[in-house]
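In the two complexes that follow, chain A is the common piece, with chain B as its partner first and chain C second.
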Partner chain A sequence: MTIYTIAYKNLLRKKTRTALTAGGIALSAWVLATLLGFNRGYQQGLNKDIDNMGFQVLLTAKGCPYEAATLMLKGGVGLRYMPADVVKTVFKNPEVDKVTPMLMHGVFDPNKGENGAIAAYLGVDAASFPGMKPYLDFKQGGWFTDNQAYEAVLGYEAAELEQREVGDKLLIPGVARDIRVVGILNRSGTQDDGTIFLPITTVQNLFNRRGMLTGLGIRVKKGADISALENRLYDLPDVQVVSMAQVKSTIMNLVNSARVIVLGIAGIAIIIAMAGVINTILMSVMERYAEIGIIKSMGALPLDIFRMIWMETALLCGFGGAAGIGLAFVTARLAEAAVRYFLPYAPNGALVALDWRISGFAFLLITAGGLASGIYPAWRAARVRPLEAIRSEGE
Partner chain B sequence: MEKEIVISAVNISKVYRRGSEEVRAVDGISFEARAGEMVAVVGPSGSGKTTFLNIIGCLDNPSSGTLQVGGRRIFGGRGELSERELTLIRREMFGYIFQKFYLIPTLTVEENIMLPGAFYKAPGAREVYGVMKSLGIERRLRHFPGELSGGEMQRVAIARALVNGPKVILADEPTGSLDTRRAEEIREILRDLAGQGIAVIMVTHNTGLARSADRILEIRDGKVHAA
Partner chain C sequence: MKTIFLLLMLAGLSPRAFGAVGCDLNDPDRDAARLFPGYTAYKTRYVSLRPGGAAQLARVEKRLGDKFKGLYENIEVPYTLYEIYRGKELAGYIHGVNQKGEYGGIQVFLALDPKGVIKSFYIQKLTSRAAQELRAKEFGAQFEGLSLKDFESYDPVAGKAPAGSPAAGIKGPPAAGKDFSAVMRAVKKNLILMDEFVFAGKAK
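Our next item is the complex of A and B:
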């Protein structure tokens, strides 16, 4: 028999109390692992979404993008536009490798959802857009034949939502022309999954936006100075330059700020669990005061008693921590669904990205916290004087 | 041939302060115990029997006097032994038996007996199965204390006291919680232990148990009344 056996068996003495304490530890481990996983998943998703845009710089018409988004949500008529000939101007810059013009148009669809919603259509250039997004592959069909064709390519989720297959017609509210679905994309885990793509000239013609663009994606040559290009683009009239690197950096800064809050919440959970551990182990020591005295009278040294009590804490925290992390893995998808419910514009991909590093870190943190909280009760137990302890039982 | 002296206490006193009052729990007791000797310490409640037993068992310090255990000076020398040294002496020399048994309820009989072995290498652990058989508890190894009778629990406590191979067994009212029949069994066991060369020093109110001892030390008001 070893000290570990005694420690383990002692934990079974008050099963409910042990279970509740381990449950508290498990809960804090679950919170910690899930929050860390969420933080990591969100960052990864955001990175992927921005990287998968296929371009490093986006040119849009000057104006407040938030205002544009609000107007678009109210009827799709508030978007700002820039002239299509900006493409030629941009191309004159030596750093530019490729450009792809885009025209976004939103239409209110009364049949969408319970009360109707905005259906957005992205007009893209059949020649340049596919080259910007080489990772997009087709489940069915392919890209449009030309920029004036009345054809559509649907992202994976858009096709599911619209229940369309290649060859089906796509009905756009207020548009008399039939649009034929020519391609359905495989799932890419990006925002493209929910997008309906049309040829850019078709969108310009259908919605009377000839010669207008809402955005221009710019891919920069390898090794080229992006900052120099951005500085020159800033001088163009009526356009604003959105650097994807800046966007990423800004959002990441926000995410990092959120991480401090998130870790603060996890810290509170850990402190509560630690208080539970101190309470449980201290109660256990007090209940066994005489027993500890007897063990010391039999020749156990203070360090032996310290180890025995500390081992109980380690077992409690180890078991609780492992259970909590297991729970975090099991409920990761559930937590993700909850996050998506509250944050519908969260990045694509797994939002709670748990792996062995996060699990290991959470486990170590919980166990270390638990062991730290076990020091005081173990020290108290180690200081028990055999005679006083035996006498206390007799009194 | 006389057997070796395992305990030698000279003029041991223990004085407590209770407020302004000075209480002499043990008042100048001198005592010797030899290997294989069975000594009963008797006297009325509060006479200082248990305090004396605790002092010679190195669980309590005397206020004055000298104590030697196994030829080694414990109290009354130039320097006091540290808590660690006292623990090591207890480990080497003593086995303790208490009225309330103090078995750990979550451990089986076997685990309770082997408990000292969890903290250090107990020399008697190898022979423990033989001891359990001699005590008649070998069939109760997997049982928990709650499943045993009082007599069985005390036998388990005796087996546990023997695991470290003690030279002295100190028993404080070992039959205090037992009926007459079980008390008789325990008396036989303690007698056997003395026969094996272990000094058995027991505090008891049980006159039958006291009579079975080789020697009776009667304490009254902290002093030896008769020996």
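Our next item is the complex of A and C:
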């Protein structure tokens, strides 16, 4: 019989107590793994959302930059305009690789919902926009024939909601002319899924916004100094510069503040679980006081007893930690749904990204904590005096 | 244990598994009060063609006179059925369906009495050049008092009802174009589904 078998059998002697203690450890491991997975998933999702925009810098007309960034991330509207000739000015900068002009326009549709609602249309340049968004592929059809065509490309969800297919018509409230659907995008997991794209000149003509833009996406050349470009763009009149890196860091700062609090709570949960481990093992040692004395009188060394008790702690933490991490994998989607429900903005993609590194780290942390908590009970057991212990059984 | 496992499995399923789209009232409390004045309570039931399988779908298509198409018309679509009560007495039902229109999706709700006769007609979502006219009280009032038997002869493919039939008496706004036919198809589909889910079972 090995020391592992003895430790395992000892744990099985008080099944309920062992299960409750392992359950406490499992919960701590679950919280820890889920939080670490969330941290990773949120950051990955945010990076992907921002990278999928296809540009690193966005120019918009003057206004609140945070509002502009949020609206943009949500695929919403920013109804301030800048002149279209800003494109030429921006192109003069050596860092600029490509630019794509955009014009977002919202139209009040009195027949949408109970009291009417805004329907938004994004005018994009048929030549430059597709190149900026290489990840967009088509379920049906393709991009517009030219920038003046009365054609529309619908994001996957926009098409689903309106039950549109290529060849169907699209009605813009207040516009006499029908728009023909020429393309339906595949699901991209980005804000583009809910967007209705029209050629930019068509949007400018339809809504009497000739020569106006709401946004200009700028892709910077590889290795170019983005900060230098941004500093020069700040000098342009009546436009504001939204740096995707800044947007990312602002959102991450907000999320990190919340994470510190939640990690603090997870830390407390781990400490409570560890206290439970000390209590359980210590109680087990006390109950087996005489038994330990007999083992020692039969020749076991203090180190053997220490190892036996410590092994019990290791097994308890190992089982509990593994169960908790398994639970984190199983409930990742539920946790994700809860986070999406409570957070005002959550990026697309898996929000709880668990992998073997996170799982391994959480498991090692929980097991190490457990082993540390097992030192005192094991030390107490190792110090048991055989004769005193055996005598106490009779008393 | 089995139940817990099943629940966990469900939680882990991809959202695509629930991809079929149903048709719910946006504000059931308000709509139930409007469509059934003096109601005291309602129960929400979710029904679908899934239990009846392909045979039931084929029967519904045959009765409709047209094939089901797309995301809003398949065997997986969950239909929300509101049972309306006045005290302990069943006052009627509210049931809606999605329908593809000329310019977008249309959601057509019917308030039915316990025998399946239309009490009220209500379009919740609509994109149409004749949206105002199709939502007008006068247009909706033409459906009141009709039931499934009045729509049985309506041909949704041709968009016509035999002359002299009650459905032929329903006049669409001139500007509605194909959206009028879409609304008529939605009403017939709605009544057939209600018959399948509620009334046919009661008759048995």
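As a convention for this text, the second predicted complex is superposed on the first by the 344 of 395 C-alpha atoms of A that agree within 3 Å, B and C clash if a C-alpha of one lies under 4 Å from a C-alpha of the other, contacts with A are read in each partner's own complex, and residues count from 1 in each chain.
We adopt the following convention: contacts are C-beta pairs under 8 Å (C-beta built on N, C-alpha and C of every residue); 3 or more make two chains touch, one makes a residue touch a chain.
Worth saying up front: this structure is predicted, and the values here are computed from it rather than measured.
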| item | value |
| --- | --- |
| Contacts of A:171 with chain B and chain C, given as first, second, both or neither | second |
| Which of chain B and chain C A:162 touches, first, second, both or neither | second |
| Touched partner set for A:387, first chain B, second chain C, both or neither | first |
| Partner chain in contact with A:304 - chain B first, chain C second, else both or neither | first |
| Per-residue touch tally on chain A - higher for chain B or for chain C | B |
| Residue numbers on chain A that touch chain B, as the complex places them | 1-3, 5-6, 9-10, 12-13, 290-291, 294-302, 304, 386-387, 390, 393-394 |
| Chain C to chain A touching residues, read off their complex | 8, 11-12, 21, 26-27, 70-72, 98, 100-105, 125-129, 131-132, 135 |
| Touching residues on chain A, where the partner in the complex is chain C | 109-114, 160-164, 169-171, 330-334 |
| Contact set on chain B toward chain A in their complex | 54, 57, 59-60, 83-84, 87-88, 90-92, 96, 98, 100, 102, 104-107, 111, 114-120, 160, 164 |
